[in-house]
Amino acid sequence: MLSFENDYSEGAHPAILERIAKANMDQYPGYGSDAICESAKAKIREACGDADAEVFFLVGGTQTNQVVIDSMLSEVEGVVAVDTGHVNVHEAGAIEATGHKVLTLPAHDGKMDAGELDAYCAAFMADGNRDHMVWPGMVYVSHPTEYGTLYTKAELGALHAVCGKYGIPLFVDGARLGYGLTARGADVTMADLARLADVFYVGGTKVGALMGEAVVFTHRNMPRHFLTIVKRHGALLAKGFLLGIQFDTLFTDGLYTAIARHANEQADRIREALTAKGYVMPLVNTTNQIFVTLSDERYRELTAKVRLGFWEKPDAEHTTVRIATSWATTDEHVDELIALL
Amino acid sequence: MLSFENDYSEGAHPAILERIAKANMDQYPGYGSDAICESAKAKIREACGDADAEVFFLVGGTQTNQVVIDSMLSEVEGVVAVDTGHVNVHEAGAIEATGHKVLTLPAHDGKMDAGELDAYCAAFMADGNRDHMVWPGMVYVSHPTEYGTLYTKAELGALHAVCGKYGIPLFVDGARLGYGLTARGADVTMADLARLADVFYVGGTKVGALMGEAVVFTHRNMPRHFLTIVKRHGALLAKGFLLGIQFDTLFTDGLYTAIARHANEQADRIREALTAKGYVMPLVNTTNQIFVTLSDERYRELTAKVRLGFWEKPDAEHTTVRIATSWATTDEHVDELIALL
Amino acid sequence: MLSFENDYSEGAHPAILERIAKANMDQYPGYGSDAICESAKAKIREACGDADAEVFFLVGGTQTNQVVIDSMLSEVEGVVAVDTGHVNVHEAGAIEATGHKVLTLPAHDGKMDAGELDAYCAAFMADGNRDHMVWPGMVYVSHPTEYGTLYTKAELGALHAVCGKYGIPLFVDGARLGYGLTARGADVTMADLARLADVFYVGGTKVGALMGEAVVFTHRNMPRHFLTIVKRHGALLAKGFLLGIQFDTLFTDGLYTAIARHANEQADRIREALTAKGYVMPLVNTTNQIFVTLSDERYRELTAKVRLGFWEKPDAEHTTVRIATSWATTDEHVDELIALL
Amino acid sequence: MLSFENDYSEGAHPAILERIAKANMDQYPGYGSDAICESAKAKIREACGDADAEVFFLVGGTQTNQVVIDSMLSEVEGVVAVDTGHVNVHEAGAIEATGHKVLTLPAHDGKMDAGELDAYCAAFMADGNRDHMVWPGMVYVSHPTEYGTLYTKAELGALHAVCGKYGIPLFVDGARLGYGLTARGADVTMADLARLADVFYVGGTKVGALMGEAVVFTHRNMPRHFLTIVKRHGALLAKGFLLGIQFDTLFTDGLYTAIARHANEQADRIREALTAKGYVMPLVNTTNQIFVTLSDERYRELTAKVRLGFWEKPDAEHTTVRIATSWATTDEHVDELIALL
């Protein structure tokens, strides 16, 4: 059955598979201490325009959020996120499992408001009981957000400024970063991220790789003994070179952005068709995720023919679904979906 | 300077100190395995009307919340509390430190609404992504609440019913239980708690003891190897008999309720004076904590003469304070305070 | 440079890469809830001769040890391992990171002695202070061990009996299981493991897969909500089907054992050459890892030409190295190594 | 029944109880932020001859070990202790519960050897696999040790030097410090500790207080936000002034050392009697704990008349017991015990 359920339904971009196959019998040292990883890191640093950036490859998104947040917070600190944030809702308590609280602010189309963050931090610092409370020690946002929306450069700059004011790092979850960098109207580049975020990651799993996320520390702030920290979390891949090969391929000849742009364009086609047919989309975005609210009857009819992502039930008679395109979405698949709508 | 800052400003009820002094050179085995602890437990069981209740003495409130919640939750579960709950705000992340998330519902004058709890659990069970989420594994309420308000027996019964429906235990934080049992209009007894809660505790620290909280497991559900669990949390008192002596005294001849009633009556006198003088109290309660909103100028004047608890700043020009009475509050102190108002 | 440093230097067995490439554009649901994973699990159950076994795929070895141990121990329990065990020495504290102690027994050529385990457990149960101690809650052994040695069926049966006597599960780390199943003189089969261990895993990373470990729970004892537990550890792979494809391939037409046997045979050739040339091997084994003690001078000469695994320095003038073969070791590589010896 | 089971069988030194009773109705701010705590801290600083020492009061020994170790270690570090150390054996895994491994060295009459520590750290730093291992991040010793033995100033100086060499702090558990400071032949003073240890604590629970341990950070190295860290561990006492009152009393007019010296002298009388009567003491010490090995028959006879601490079974026919004196041990009790021997 045709699927638009998510952006991790298929294997990897063919160029990646070819490269893995070609290197298959080469011998690499373990745990990412190899030349391909170094090459991939250099290319990512170049894409960031930041020669000093420190890069580390991990396997998956929740794992990356857990390791980065745990390693950068002190014992008394929690991470500030919007209430709809992935770390707050859909990671099965992986952050709390490392002993840290997720402190929440309201989401606005999935985004954090810099003014609200400032007010939160100011109120905390003014609270006479703050020594009995969890200190805000990091700000977590995702770009694109859980709702496929994007921060503008100005919004990200405002978050950066508030973080600077309180001396806490800004962490940008880029599990779907490619789709965010290449969306219509997007004005945030990797260089902007390298400047405005203290740490962010370049998602591979959902943007053409078999698996892999490239964490980028932008201010010489990679925690000491980071490899050991990763190992302690059970997150160190023995065949680390596999991650290096994949990111090296993605960051050669612009493949990463090219395949993400393709997904956004396919999503745009679907968005146009949905609009033309009068479907209700609870929010507007320009990346590879589309949210549509359907009557439960229409939901049943449609999902009998195409796999869509269940998102939530806004009321007793309706269901909101997610339609996700990816690097792997073909014109034919989109045509087929539009015909079903 | 006179203080109404909290209900743990003084030592212990004189009867407790006398009893400790009298037993001072007796020799007890360690860690609560002594006859006085057994006697105190028997008296608490009797006060609960529950011959099967299992009782364990701990030292402080946050410690008790941490140990009970951690020991009763499975690895994938979190505890549901209202957003203003002590475990969510004022325990410096002690729950998350044990790896568990605090899942929040809105507070209504400090209380959890059974209907909202039911809706939350129902939505969770219906969520297609629930395997990626923290499971609600326990419900935490405090009685009295952080705002000195009380559940009615009907409200507690409703929470009990919802917990039963989803098979999760109901935990009642009774750090100030005495004040709740004896307040004007209160209809919840210790026997009700033993019936409606799966675990609760009888606060000593804030109700006349030097320190100590008596945890009561009401359904033969004390976690296995509980003493070892307590030790592992660094929470096992070497001279456990000190806790036994104190609770044995508090539960002899109704001392526990007598001293709590006294505090509530002193609070009533203050409430009357506040009302007569036109002060603004953001919520109505009948226990030993009173919340008053003052202009910042009045706040500065008053706190130059009497120590009050800072609570929060509702806006830029006002401050809300807490006035707390206790077993130790004298008529003279109350007269003095009223004269200052 | 030629490498015998470890058994995870190359990509994957060509049959696996071909299968991944072939399935690349197929669409699978996420997180291992797909038909290929089901097929692979069925084949593993068949190889175990245990129709009831529950199988779950994870990514790496330390991760698997961490998740399995954490999920099967209660709060007061630790895991018993030999002092040279991987979980005790080379996982950067991943077990302790989840709150559990590793309780150690002496290793005998890397193996645990059932009699010593029995004595340890008996002494613990007889200890008057045991409530202040970490309870032995699981036994961890690896097969092959860290030193490439193997348990006999009788030895494993003895461990199983002691575990049964004290009611604690036996966990067998099979990161290199294939090499253990197919070694000269080995008498333990997968069916034996399914009968004698309560949980074990079939290593993929070091036996021909890109990555992946197949955990097998043999007594209907997979912890409840195991997928959520895995997610909470940051260990749930989005493209779970990749693990399914790999294990389905490994367990088709005996590939798993065939490629492991090949590695053992290559190791045998090296062992023969070492013996013939008078090298000192501190212990005897028949699997894919060989340990050789060299003078530091010889060590420097040799490692200038071939990459070997540093193991330890037994004294100031010598170095012990590990020579590892794998599914990927060619005749030519072995010839080349032997020529260098 | 007469008890020499431990040194925490009775309440508190009468001077402490009197002082608590006298201050009972005074009003103190919460959590140790009061003037009596300040006074007690000043007296401890004076006893240390260290005007810059930072002091914090906690309730119990395991709690103190847990909080200090967890707060001073980084994520990748463990604490080095001897295998018989309290943190390794008798704290129910409280250290591991905070995510840190206890790394062990052999004990020599309960003590750590500086040369072995040096060798351990040197081997770790030279290990090619150290990034996959737990880093030694602190050294824990107790003075007196679990076996009532004492470090000489030279031995402590040697440990201090090794710690300095590797840049890791030395932590001295002084749960029974008073007995160590005043034992025959002891040459370590509080000033020595303040100079040689980076952090240590002055035990109150076992040396005359109801409860309480005074942690002393000697190099301006109290972890930032330490009160919040303590709260997060559930270890912050609401009525912190109770700890201040007790330590202020203990450090007035030399009470702390006077009562400890008394206990040592009582122990000396018992040691003399044991020697005279030919009892076997497996080790020699001069503090308040005596270890005696008895035939099991003698053990049964004796413990029918006097409570002694079970220590261990050295073989199938013997039992080793601990006889502990304390500040509360009277001449009559000692006479009575000697008569029974």
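Descriptive notes on the structure:
Letters A, B, C and D name the chains as they come in the text, with residue numbers starting at 1 for each one.
The rule is short, and it goes like this: a residue touches a chain if its C-beta (ideal position, glycine included) is under 8 Å from a C-beta of that chain, and two chains touch if they have at least 3 such contacts.
It should be emphasised that the depicted structure is a prediction, and the values quoted were computed from it without experimental measurement.
Among the other chains, the CA centroid farthest from that of subunit B is the one of C. More C-beta pairs in contact connect the chains of C-D than those of the other pair, out of A-D and C-D. Chain centres here are Cα averages; for subunit A and subunit C they lie 33 Å apart. Computed from the mean C-alpha positions, the centre of subunit A lies at a distance of 50 Å from the centre of subunit D.
With centres set at the average Cα position, the gap from subunit C to subunit D is 42 Å.
Residue positions 76, 91-93, 97, 99, 131-133, 228-229, 231-232 of subunit D each touch two or more of the other chains. Every residue of subunit B that touches subunit C in the complex is listed here, in rising order: 70-71, 74-76, 99, 131-133, 135, 223-225, 227-229, 231-232. The touching residues of subunit A, when paired with subunit C in their complex, are 2-3, 5-6, 8-12, 14, 17, 20-21, 23-30, 59-67, 91-94, 97, 205-206, 210-211, 228-229, 231-239, 242, 307, 328.
Against subunit D, the residues of subunit C that register as touching in their complex are 76, 78, 89-93, 96-102, 123, 126-129, 131-134, 310, 312-313.
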